[in-house]
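Pasting the structures in now, so scroll down.
The two complexes that follow have chain A in common; it is paired with chain B in the first and with chain C in the second.
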Partner chain A sequence: MKATIERATLLKSLSHVQSVVERRNTIPILSNVLIEAASNGCVKLMATDLDLQVVETLSAEVDTPGETTVSAHMLFEIVRKLPDGSQIQLSAADGKMLIVAGRSRFSLSTLPRDDFPVINESELPTHFALPTESLKQIIDKTRFAISVDETRYYLNGIFLHVLKNGEGVMKAAATDGHRLACVTVSCPAGAEDMPDVIIPRKCVVELRKLLDECEEEIKISLSASKICFDLGHAILTSKLIDGTFPDYTRVIPTANDKLLKVNPKALMQGVDRVATIASEKTRAVKMTIEPGKISLSVTSPENGMATEEVPGEYDADHLDIGFNARYLLDILGQIENDVAEIHLAESAAPTLIRDSDQSAALYVLMPMRV
Partner chain B sequence: MSIRRLPEDVINRIAAGEVVERPASALKELVENAIDAQSTRIAIRLIKGGLDGIEVIDNGIGIPMDEMRLALERHATSKLPENDAIEAVTTLGFRGEALPSIASVARLTLESRTSKSDSGWQIIVDNGQFEKEGIAALPKGTKIKVDSLFSRIPARRKFMRSAKSEYMACHDIVRRLAMTRPDIGFSLEHDGRRVFSLNAGETRQRRVAALIDRTLKDNSVPIEYQRDQMYLEGVASLPTFHRGLADHQYLFVNGRPVKDRLLIGSVRAAYHDLLAKDRHPVLALFLTLPGSDVDINVHPAKGEVRFRDANAVRSLIVGALRESLDLSGFRSAQPADVQAMGKWQKSSEASIETTSSPKEDALHESKSSVSDSSLLFKAKSPDAVRPHSFSAKRPSPSTSDLWSAAAQSSLPPMGRNTTTSPSETSEQTDFPLGLARGQIAATYIVAESRDGLVIVDQHAAHERLVMERMRRALENGQVTSQRLLMPEVVEMDEVSCDLFEQRQDEFAALGLETERFGHEAILVRATPAMLGNCAVKAMIKDLAGEITAYDQSLLLKEKFDHIVATMACHGSVRAGRLLSVAEMNALLREMEITPHSGQCNHGRPTWVKLGHKDIEKLFGRS
Partner chain C sequence: MSKLLGHDTAIKIFRHAEESGRLHHAWLLTGAKGVGKRFFADQAAAWLLANAVNPDVKKNVEPLSLDITGHNPTLSLIKAGSHPDLLRLERLFRDSKEQERARNITVDQVRSIQKLFSTTPALSFRRVVIIDSIDDLERSAANALLKNLEEPPAGTIFFLISHAAGRLLPTIRSRCHLLPFHLLEDNLVEHILKHNLPDISDEECASLVKISQGSPGYGLKFAGLDMAELDNAIENLVKTGDRDFLLRSKLAQSLSLKSAQSRYEAFLERAPTRIAAEAHHLRGEKLAQAIHLWEKARQLGNEAVSFSLDPQATVFTLAGFLARLAPTHK
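Up next, the complex of A and B:
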């Protein structure tokens, strides 16, 4: 194998590829990136952690087609340190890969390509295309709510499903048991009969990194156990979480009759300020809601107390309710409008937060007893 | 009215009143029979606490076909020796009453097969009336099924408590019997659910711990004691491991579970000045003595016995327990102290090192103290390894490390170089923990009090203080709890759920809101906010386990402490952080006014003191 690649191109691809590789690996081949140079001037870089696989395609000058595997982090570090604008020549022979750029030469040991585990991207029955913007929205608005509790592995990802009632909507949801985020987009053609899937967090994170440089549409194909995102320059394939996502629709309140309209930025700033003195673990903020104003308060046995008033539109009965400040900030941070709608029922009931009834995203937050 | 002999079935039913009070007593008889039959594996199945069915299957010697009818007759037993000497009985049964009694108040299916016969035989008796018999297919051993217990005796049936409490009684009986015979495998199933399964051939310690509490193994002393012809063995909890109820005291005489007042009294006497009045040890004691020295026929089922020489038994038990406990006390405390003193002496030799600059001198001194002080604590409590402490894992910190550490510190020179102003000297008399003189290894505060030298473990002490502070906050009603979006259903066995449910309100006070959810599950609605996004299932199971294992009231306080402690731990000054003298003094003053500050949340000391006398001893001055 012999190929020459422009440093910036190689570096960008490697940065994507190497982040899939787990740092502490017990299986040596999994630390490696697979490099495949084809005679048509394409070089493919592939990395995997056995659950998630990324393949990046970049153009290069290929003298001799061939393939090999070398340490992904090592190669990334080398390329990163090479001067900008250099042409990097990779050539592999006899269990070594030679890297030459300007006056630098590196010789890395390689592992045979045949040992490299590959997740098959083909044979996925469902195919559809999603606008890049929709996919970004799904990820950006839900991923903060993904659970990190590994005992509830089925919450460790974004749940994606299509309503089977013919309404033509696709929904994405994530929850950690304390809050829920849900985004509704219109169902793309071809996805109508897709199985419900849970996309693991790591896949979501890596996918999001790749989305900014993407074309209009992302081609998605999936089965009940695998999902594949074709982003043009890169293909991301992931195993899905094998579990049942709880029926989250049950917990979205539909009869919360107390509507509070508030400027999300103002509320966020207020919450952030009073929460300064909250004890680190609980971060409980109490909201006293009355027509015309919201009083935020925090009482910490350790540190003292803080209060702040935030204006808001509200004409229902007086209500005291407590929230975890961090959760509230996470959600308010997602609101794009100047007004957030906070639909309340009572101090122990789930609270619904959204931009408006037109918005694609909605959030449910469970209160705290304070 | 003329006197007449009672018909057999009436006699049986009267006897049954004594022997078979409730499902658990029938079960006890059946399991004892299985044990007597030299079984190595006994499987017990219960339905609705035994009210709707009891089944005991053993792999013992079986009953020959032609003796099966006899076995169901009153006062028919195979267990009395030829000379009918009751004293020589080595089996659990000998009266020949159990089976006929049970059969008179229930429908009893007896199936059995000996190793000699190539098929089994079955007899069914319904409330004392023979129903049918015939060939039965079963492997060698005996299978007894009891159902419709008391169905013809409504009065008795009415007195039965809930299936739950009947089940608890059955569980207790099986547990006791399983303890006596670690050589036999036992399994217990309730309403189709496996409660436990114990392998044959376990050690007694293991079996007892498996049945009472896993942690007992590390909190108990083995008892082995012989006096004349009496032999006492078993497991007894250390005085630090106790309960509010005396319900985990398992006493056995010649392999028979007993609830004898003399024995209970002896245990109390042995622990008398080691435990508070309302606390009770956890133990299993097995007393073996010649059959002629004990009368086990006091009451057919109550488990009372009569000793020929009650005083001897009492003094054996008290003596054995006291001696074993005292020994264990010596083991954990005194030799460690001696060892620690040894370390001190060694360290003083090591620190006499000539060095060029005073600063370096101080550093060297602190260096040697690093390893010494950690050894001191090690010797005292082997589990005292803290993640952030400068432990013995860092035997020789390099000078540059120390230099950089010292450079960051706002401290006066460490160790003895700290100057003492006269005013401070007079002040120190006011403070039990004295005035801070410096910090060693960025982990321990060294203070001088009127009567000696005080060393404080800063992390342990601070953790304790933070915890006490938090506790106060909680007591002031500052508890916050986070409601769950989807209530979590935690499945557990019924008994655990029952116990959990009983404590539900107290958990709620800690922010853990739960509800009973069917027989075998707890529904969690909210969790203590201070725990963050915790693994609810694991926590509930932990809590349930602890409630079952420890005394309930004690537990709550402990669990409460534990929760708070976990939190406090994260909010505390870490070992390894350099403190200013003002900070150190503030910590000492707060410790003096905070209750229980002498012990960290894990029961280790937060400070130690070396009196002037001890110091003099170290230098050979006394």
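Up next, the complex of A and C:
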């Protein structure tokens, strides 16, 4: 293999690829990046952690097509330290890869290409395209609610499914049992019969990093066991979570008749201030809601107490309710309007929070006993 | 890859189960150390994973074999340890000492199975877990395994290697299909030893066959240690009784050298085995005495390395036990 690549191009692709590679790896080949140079001037960089695979394509001057694998972090560091604007020549032969740029020469040891596990991304039956903005919205508005509890592994991702009743909507949901986030977008053509999938957290995180530099549409293909995102310059393929997502629609309250309208920024700041007193363990904030105002209070036996009043629009009966301050802040941080709608029922019932009844995203938060 | 010899029945049972479409999800491979259980597990895992990707692989293989011939991508991945759907649990190397392995397979290692199962398989519908050996599981690890062993996801096959199936938790044993591995005939052992050690002399080979007692892997452990000479020394002790203590002093001196560490460890294993072999021919009071000696020798042999006992004194004592077997000994 022999190819010459411009430093900036190579560095950008490598930075994407190397973030997939696990830092601590007991299996040598998994810390490597697979480099494939084709005769048509295409160079592919591929990295994997066995769950997630990313392939970056970049253009280069290819003298001799071929393929090899070298340590991803090592190559990234070398390319990062080379001067801007330099032309980097990669050539591989006899178990070594030679990197030449200007007056620098590096020789890295390589591992055989056959040892590198490649997930085949071409045989996935369902294909559709989603606008980049929709995908960003799905990820940004739900990922804070993804559970980190490994015993409930089926919650460690975003659940993506299409309603089968012909309404033409696609829903994405994430929950950890205390809070739930759900985003509804219109169902793209081709996705009508897709299987329900749970996209693992690491895939979500890596995908989001790549989305900012993407074109308008992302091509997605998936099966019941794999999902593949074609971002133009990069292709991300991931295994899915092998489990059943719980029927979350049952916890979304439909009959919460007490509506509180409040400025999310003001409420956030208030909650954040009083939560300073709250004990690390529970983080509970009590809200006393009366027509016209919300009293936030925290009482901690060790630290003392704090109260604050926030104005709000409310015309139902007096209500005391407690929430985990961090969860409440997470949700309020997602509200884009100047007014957040908080639908309450009673102090022990799930609470629905959203921008308005037109908004794509809705959140459910379980109260705490205070 | 070389061939698995002497276990045609096991291969037959396994292949029959696979072809009938009712493959049991957990196989307990039992038998003495070194008969070929691990070899079988590796081959069977490769066989399952390769066939799940490409069903044509099977067509080129003889009916009584699991050997996949020629170049196969699955084999390369398994060899590099990078197959995404295969998990192998064995005792980890200790950080401080390169050669030494931890005493147990830990509960954290067993929990990594859950990580494999929580995502969909990558290359086919199959996932394989090899545990080598299930006897090394610490108690909590064994209990952590139960849930996964009971209802693994579809297409998942376990191979559990056990050198002492009787000691396993009954809850593990009852979930598995038992596949026994028998000791091999001496001529087969000799064949395997010669295949693995092409340069071996006939005398050394004969000595290793004797040590193997049907387990070529056990014999291979002693390869290159000049076991023929060591065995000669042991025989001399047993025959003559070493009345003037010359033999045992010489042996103790030669084995106490730093460079003779592996031979010293081999002797620690060989001495109790030799006493046990002798006990088979004895009756009455002599037998009782031999059993008593065997118990002491075995205990000493087990403790010598972990307690860092002085090699010279240990060999001297063990040689003394051997000498007391001699018919002339009063």
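In the analysis below, the second predicted complex is superposed on the first by the 370 of 370 C-alpha atoms of A that agree within 3 Å, B and C clash if a C-alpha of one lies under 4 Å from a C-alpha of the other, contacts with A are read in each partner's own complex, and residues count from 1 in each chain.
Definition applied: a residue touches a chain if its C-beta (ideal position, glycine included) is under 8 Å from a C-beta of that chain, and two chains touch if they have at least 3 such contacts.
Computed from a predicted structure; not experimentally measured.
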Looking at the overlay on chain A, is there a clash between chain B and chain C, or do the two fit?
fit
Regarding the shared-chain residue A:156, is it in contact with chain B (first), chain C (second), both, or neither?
second
After the superposition on A, what does A:119 contact: first (chain B), second (chain C), both or neither?
second
With the two complexes overlaid on chain A, check the angle at chain A between chain B and chain C, Cα centres, nearest 10°.
50
Contact-wise, after the overlay, does A:94 reach chain B, chain C, both or neither (first, second, both, neither)?
neither
Kindly classify A:84 by the partners it touches after superposition: chain B alone (first), chain C alone (second), both, or neither?
neither
Just checking: does A:348 make contact with chain B only, chain C only, both, or neither of them? Give me first, second, both or neither.
first
Touching A:239, do we find chain B (first), chain C (second), both, or neither?
second
Please give the nearest C-alpha separation between chain B and chain C in the three-chain superposition, to the whole Å.
6
What residues on chain A does chain C touch that chain B touches too?
none
So in the complex, which bits of chain C are touching chain A?
73, 76-77, 79-84, 114-115, 117-123, 125, 153
Can you check the complex and tell me which residues of chain A touch chain B?
147-149, 151-152, 175-180, 246, 248, 250-251, 279-284, 299, 301-302, 322, 324, 348, 350, 364, 366-370
Touching residues on chain B, where the partner in the complex is chain A
469-470, 472-473, 476, 478-486, 488, 511, 513, 526, 529-538, 567, 570-571
Complex contacts: residues of chain A adjacent to chain C:
26-30, 50-51, 111-112, 114-117, 119-120, 150, 153-154, 156, 200, 224-226, 239-243
